[in-house]
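Letters A, B, C, D, E and F mark the chains as written, and numbering starts fresh at 1 in each.
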């Protein structure tokens, strides 16, 4: 089967230059260091701001500093899902293998981000709310997001034929995307009756400018990190799936 | 249209041939709901409080249970290929299979729910609301479930994977369904819940058959 | 803002929560690229082995 | 998988695809039915790509694969009738019964298919071939599990179909004794 | 003994080949337990009260879910016939399959339960009791389940029928298991519950493999 | 089903059971293996009823049915090795590999069986026949789905087994070209 892949592959190069794995592979390789540098830059400044510039919170004391990783992780977990679904959809519509590979590469990092959001949230909740977990809409929706990621990964893993796995998981990702806003807005209708104890920073008088900056910088750091790791993973996936293609055999890494 | 009826007839005939199958989804519903009083204890006030949630979760699980069979048997013996190759549009046949599934797994739940509800000491009003939400909600479950059933075709361990994929999608239905019963029991208005469930049903009816059809085609290829 | 390193590490009494959050976060974020790199190298190694095997096959058939 | 494969089958012909185990006969037949899509290249029927007007292509197509595609819980007769309903073909009871009898299933038409032997199941499929009224038959190892009489009956069926202007594409590891056979060796 | 290890190895290898399968029973457990708060609402005191029941019912259901596969796959592809025809005593092979099932579906539940328990706001003591009861109880579930799995072999819709047959048998385990956690939370002694669970386990270990073996032979014939 | 059937097969013989579809060949073979029990009558092996000492009868028995009995998720090699472990046979890696190669599966030994074609799966079974070291082979339509070469290889295998004092009982709708064949027409 994979032999066919590489025959048609050569024909496609002229049409979509960058959408062919063989051209994208070296480009990605060159981009990776660039994003790592950005990650460390934003990370260093962000951490410095979070720990040494941002003042103590009036209500929560030093404990609030978890925000500097909690919020970026939460944002990225949702954003990555949308991007993943978009790539998967593109792959499905245009039958483009690279798009499907991008979706495949994004899923694990998205799942990790969701996990981190849950973990840091839980370790924030314990001192602030006195409990690790409440069944509040936002927490629940994040948990469901994690399940959606895991479902996507599990479905991919259980289908042997990669092309079929691409298509099937793309359908799942797209259906899941419909679910995200539904769950997210369910805050409105559900849980209005019995809200768990919740402390909200945004409600406290003024969110210090420096805090906001720290959060934004850390969010940028997470963003760049996600891109870097995704590019690394997509390269590995390309090699795995195009193992029989000529360009892989001739590429420098494999040769030397 | 004739083809739609033909496929529904075929699926129902198959279910009837195994008489036990008609009743098992139902029995599962009954058994699961009766497990809770056993596990939790017989405190009437507590039971009444958790009744909507338990009934709806049980409905979810018993729908889930029969879901895998929706396409799997046909896939394994090669009939699904023949359905794909039939001159009828596949989406129509898929819709037929979904309807048959609902008649076997969803409709009986709606009819049985009040009896279980009485065991949990729900009042008449709550029972009506419960039946209403189930009537609107269970078709959505069958519809959404068909996507999962089609996606996990031919995947070993598919029935377990299926529940993983599909339960998160069932959650909105659960929230609005159980929410409506709860809202009624504390004297709030339930029309919001109902219209949301209705909207979900209409949306699912409009889109899901196409999605499932695409998934079936992918599985066959 | 911090008067001593020990005060910094105490985090105003929230040390457990803050540091386990940041700790796990760092752990995940560091391990993840390492895993990916390991996977990448494993692929490369396998490809190289395949190529060697093919070369041997060719030499033998000559 | 297949490169440079270019062939035309025309009305009144039978194509016998041969080749060793695993050479791709089944894959080729599935491509022809449209069940799987070719990576490159096209399959034409009456000058049109088969993906253009799927429904009318399917109306003229009958495919029998490795598996029986019979519902084991239903009787032979019910299986036949349900397929007719789905294929949009009018099949009165007497005709269905007489076709089953024709293939030696007399007395077994009301047994669930699970109680039939391997060869008897294939005979039910032969009955379907006769009632289906399709122009193009695609048959994957149709002679498997059939005894000598049944093989003869099936060959006669195919010969007759070809005689009346039908097309047949089949795979088989056995010799096929038919007029108008073209052999494709993969 | 070598044969016992060989069959366990084989079944675990099969599960590992589908990496997702190792985790899905587990995920199902997590998802089902999370459905309840969604259906019932987020009242912490209420959740704490129903936690033992919910966790145990979820354990029952997730054991149930993978149960059908214990023999069904081997039955369908003809491997089970070959196992029956192997020179090893069949009871040994059946025991091996039950052990493999517990390692995949039971053991992970034991390990995961505390995390779910925390979400329901259980205290440390209750969590220990919960793990202990699961450790004794889940093997009993796998053992009893194997009887059902063998009896429903080759029956279409078997997995649904299976749950019907087997859930009633699971009830004693549920009652003692959830009961122990509840007893602990109200400060009662739990040793009685534990010894009962232990007795159930020993009885099941002694008799079930023979029963399942007989059922498998009947299914094959 | 069978009445007055009384036959003895002795060492170095091959029994070819023939008959029309549904006459009861498969049922007879299953009786012989002990998978199903006869309504009346007995099946003896070495003078003893096969139900007396099941374990040692099974040690000498190899049965291949209609279905492949291979785990689709495992590779051909793993399938072979796991069967060896269950059959209590020492099978070193090299021997397993060389047997698979012998049957034309070189390069496919590490593919999951689900990726093999119908005939390639049967070839894995042939490899098992060679490694199993059983005295009595009971084979239900073993030539199904095999191409001409494979049929020849299998016939050679059977001939050799019979030559060395083994017993073979098989069904097939095709002619079997073997010395020492006795035909049983049902």
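Keep this in mind: a contact is a pair of C-beta atoms (placed from the backbone, for glycine too) under 8 Å apart; a residue touches a chain by one contact, two chains touch by 3 or more.
Fair warning: this is a prediction, and the values are worked out from it, not measured in the lab.
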Both-way neighbours, i.e. chains that touch chain F and touch chain B: A, D, E
Chain at maximum distance from chain E, centres defined as averaged CA atoms: D
Busiest interface, counted in C-beta pairs: B-E
Chain B and chain D: spacing of chain centres that average the CA atoms, whole Å: 37
Averaged-CA centre spacing for the pair chain F and chain C, given as whole angstrom: 51
Where chain A and chain B are represented by their mean Cα positions, the distance between them in whole Å: 32
Two or more partner chains touched - positions in chain F: 66, 72-73, 112
Of all residues in chain B, the ones touching two or more other chains: 18, 155-157, 161, 164, 167-168, 171, 175, 182, 221
Two or more partner chains touched - positions in chain C: none
Contacting residues of chain A [partner chain B, same complex]: 144, 147-148, 150-151, 154-155, 158-159, 164, 167-168, 171-172, 175-176, 179, 182-183, 186, 189-190, 193
Chain B - residues contacting chain A, complex: 147, 151-152, 155-158, 161, 164-165, 167-169, 171-172, 175-176, 179, 182-183, 186, 188, 192-193, 196, 211, 214-215, 218-219, 221
Of chain F, residues touching chain A in the complex: 112, 114-115
Contacting residues of chain F [partner chain D, same complex]: 19-24, 26, 66, 104, 108, 116-120, 122-123, 141, 144-151, 173-174
Sites on chain E touched by chain F in the complex: 2-3, 6-7, 9-10, 13-14, 17-18, 77-79, 81-89, 93, 220-221
